[in-house]
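See the structures that follow.
What follows is a pair of complexes built around chain A, which joins chain B in one and chain C in the other.
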Partner chain A sequence: MSFMKGLKCRECGKEYPKEALHVCELCFGPLEVNYEYEKIKEVLTRQTIEKRPPNMWRYKELLPLESDPSVGAQVGFTPLIRAHNLGNALGVRELYIKNDAVNYPTLSFKDRVVSVAISRARELGFKIIACASTGNLANSVAANSAACGMESYVFIPHDLEQTKIMGTLIYGATVVSIKGTYDEVNRLCSEIAGKYGWAFVNINIRPYYAEGSKTFGYEMIEQLGWRFPRHVVVPMAGGSLITKIWKSFNELQKIGLAKNLDSRIYGAQAAGCAPIVNAVKEGSELIRPVRPNTIAKSLAIGNPADGYYSAKVMRDSGGWGECVTDDEIISAMKLLAETEGIFAETAGGVTLGVTKKLIEQGRIPKDESIVVSITGNGLKTQEALYGKLNQVTVINARLAEFDDLVRANGKEYALKS
Partner chain B sequence: MAIKVRIPTPLRKLTNGSDEVFAEGRNIGEIINDLEKSFPGLKERICEGDGKLRRFVNIYLNDEDIRFKKNLETELKENDELSIIPAIAGGSI
Partner chain C sequence: MKKRVYLTYPKEQVKEPVLYHVGRLFKVVTNIRQASVSDKIGLVALELEGEEEEIDKAIKYFVEKGVKVEPIELDIIE
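Moving on to the complex of A and B:
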């Protein structure tokens, strides 16, 4: 049974039916899904949730579908790990990594939003699924559409990583590469959505799509033993994930599943594309668009749709925004891999790099709980690492050459007698 | 001074279908008040009750967002052009 009431304008509060609408016709504000929280509170307990299978649908009462999902039944419930080694390296006591680099099936948090969006689009009768993407969404839309036999159209900026393009084409999606930035791709897609009537998951299906990100937050809280962490660092592109993590915390508090919400939310961007961070640092409500230039291509949105609300989440929660350079992104990717054995994509480098910086600045104290949100997999952005890692050592298949190598390394190893 | 104003699709119901109209005013606020006289109901769609521009409505003066100028107080000169653009379309720079 569904607890979705309808859609509601975030700006003026005007209510709308639960259809494929995303903009308020009165004030042009974004629409958001509204639920019957009183009823959810009656039926949804920690015990009910804990008995369910380990995937994001264990929180289905808080998701915007009429019935069970028709694609992505296995998505979510990724590991939350206690990162002792990384914690030591950063000099902090209680550090966790929420690891969506291993989310099913396409190794990023986007599978959460896409399984909701496609399931909802099918409930609404759409036949074609589409998106404007910086890469991960492309992979997820293509894979999940294939998995439920839907045709998909994926629109990307022309300069994406090859791996993200291959990882979209393989599923049989039609990939359209646009000569322009993501923001130009997005604008074109709004026009296409209007003209062709397809389900663009992050445009006309956006109110439903965005709700999927809440499960990243619910899981974090459940995995911490129904406790709110003190500090959460989140990467931002369009700014949807960070606003929905904050919404998820507030919902859990509202329906009584967790208490004493005192989390501070920090937004992370690359220095080459930091429109939201800039606004937070300037104390401004205005997001001044930028032209992106960074290796963190998945986060390269210069005119973020949820920029205003993201900045507000950071302000309201007592958090902050920070950015890091491309070099700092690479260093952080290495640090995460070397300390915890986790290979995150460039966006993960942004998030960890920013976390490190916030700790060094004293904005995040060393003795309080911290969660780092890792949202995508490093195997997809290997191009960013060319020339940045140690070289492999090449020798012939001869033992003597290996002995020379060991000697050259200057290390002593005991030999087997 | 008459200034040309581009009207987005969702507001054309109020301008009898026109995508471009002319309005009089020395600054953008005056233009909006003049538009309201010719097309009653238009102001409410782009401004809050207190007269401030709604958050998800952008107005461009010759391709520059007026929020980064003097907002509704931005002064106008001969041959300036205004575009009203809902923010949701994404938009680019």
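Moving on to the complex of A and C:
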């Protein structure tokens, strides 16, 4: 049974039917899915959820589908880790990592949004799935389309490195490389979406697509024992995830599954692409577009669609926005890997780097609960680490050379007698 | 046809009547749906209506004048 009421403009409140619409005809504001919360409150309990399989669909009443999902049944319910080692390194008492670096099947949180988008697109009768992406979204669209036997198109700028598209081509997607400036590629994708009757997950299916991100927030609360964390740090690209995490918290409070919402939400960006953080720091409602220049490619969106709403979440929740340099990103990636054994992509380095900075600034107190949101896997962004890690030690295949190496390292180990 | 775009005016262009010129130079109907202008930046949500060729010329003109033209969805490439 579906509790999806329809779509509603986030700006002027005008209501629309639950179709493939994404922009308000009246004011051009973005549309968002609206639900029958009173009815959800009557049927959805903690016990009901806890009895369901460990995946994101355990919150299906709060997702925009008419029936069960037709792809991605195993997505979500990724680990929430109590990070003692990292907590000690940062000098904080209660630190958690929500780890979507191991999300199924393409190792990023995008599998949450894409499985909702494709399932909804199929309900609406679409035959072809498409997106414009340089990374995680492309991988997820291609994989999830393949898994349900649908044709997929992925549009990329022509100067994207070959290695970046292997993880998309492998699934049989048609990858179209577009010559032109970034702005021209962007405009063309919008035109294609307008002209062809395809489901562009992040264009005409966006209201449904974006809702998938809420499950990241629901899981966090359930895994904390139905308790709101005091501080949550979230990476920002287009800004959708941070707004949906905030929406998920407010929904759980509204339907009575969690109480006393007092979370502060913090947005993290790379210094080389920080339009939302800039607006928060300046106290401005206007998001000034920037030209991205950072190793955190998955966050390199210069004119974020949800920038205004992301800044509002930070303001309304009492949080803040901060950014880190490329060197700080690498340091944070290493810190996470060395303390908790988690290899996050560069965006994870941004989020942890910002968390560290906010703790040092005293904006996040050391004795309160903190959740760091890790949204993608480091195996996908290894090129960012070239020349930044220790070199491999090379020796000849002789035991004496290894003995010399151990001595040279100044270490002593007990030998077998 | 109709095309919906966001225009971003840089500081230097905020005072220029670029939209007026577009209406004079090309056969397009310009319809502002939202706007926010300060002394540092101008943002306009605009609907352009006319023949595809005329709309393309109008967009080219905006770009030549230093105005950033983006789809209403803003950055689509994720």
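Basically, the second predicted complex is superposed on the first by the 399 of 417 C-alpha atoms of A that agree within 3 Å, B and C clash if a C-alpha of one lies under 4 Å from a C-alpha of the other, contacts with A are read in each partner's own complex, and residues count from 1 in each chain.
The rule we apply is simple: contacts are C-beta pairs under 8 Å (C-beta built on N, C-alpha and C of every residue); 3 or more make two chains touch, one makes a residue touch a chain.
All values derive from a computational prediction rather than experimental measurement.
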*Since both structures carry chain A, what do chain B and chain C do when superposed there: clash or fit?*
clash
*Does chain B (first) or chain C (second) touch A:G180, or do both, or does neither?*
first
*Looking at the overlay, what does A:S190 touch: chain B (first), chain C (second), both, or neither?*
both
*In the superposed model, does chain B or chain C contact more residues of chain A?*
C
*Is A:V23 in contact with chain B, with chain C, with both, or with neither (first, second, both, neither)?*
both
*A:N202 contacts which: chain B (first), chain C (second), both, neither?*
second
*First (chain B), second (chain C), both or neither: which does A:N303 touch?*
both
*asked:* Touch test for A:V71: chain B only (first), chain C only (second), both, or neither?
replied: neither
_Per the contact definition in the header, classify A:R291: touching chain B only (first), chain C only (second), both, or neither._
first
*Once the structures are superposed on A, label A:L257 by its partner contacts, choosing first (chain B), second (chain C), both or neither.*
neither
*Between chain B (first) and chain C (second), which does A:T134 come into contact with in this model arrangement: first, second, both, or neither?*
second
*Residues on chain A in contact with chain B in one complex and with chain C in the other?*
11, 22-23, 26-29, 132, 183, 186-187, 189-190, 286, 288-289, 302-303, 305
*What does chain B use to touch chain A in their complex?*
10, 45, 54-57, 67-68, 86-93
_Contact footprint of chain B on chain A as seen in their complex_ = 11, 22-30, 132, 180-181, 183-184, 186-187, 189-190, 286, 288-291, 302-303, 305, 308
*asked:* Considering only the defined contacts, which chain A positions touch chain C in the complex?
replied: 11, 22-23, 26-29, 131-137, 155-157, 182-183, 185-187, 189-191, 200, 202-203, 206, 237-238, 285-286, 288-289, 298, 301-305, 307
*asked:* Per the contact definition, I'd like the list of chain C residues that touch chain A in the complex.
replied: 3-6, 8, 33-34, 36, 38, 40-41, 43, 45, 47, 59, 63, 68-78
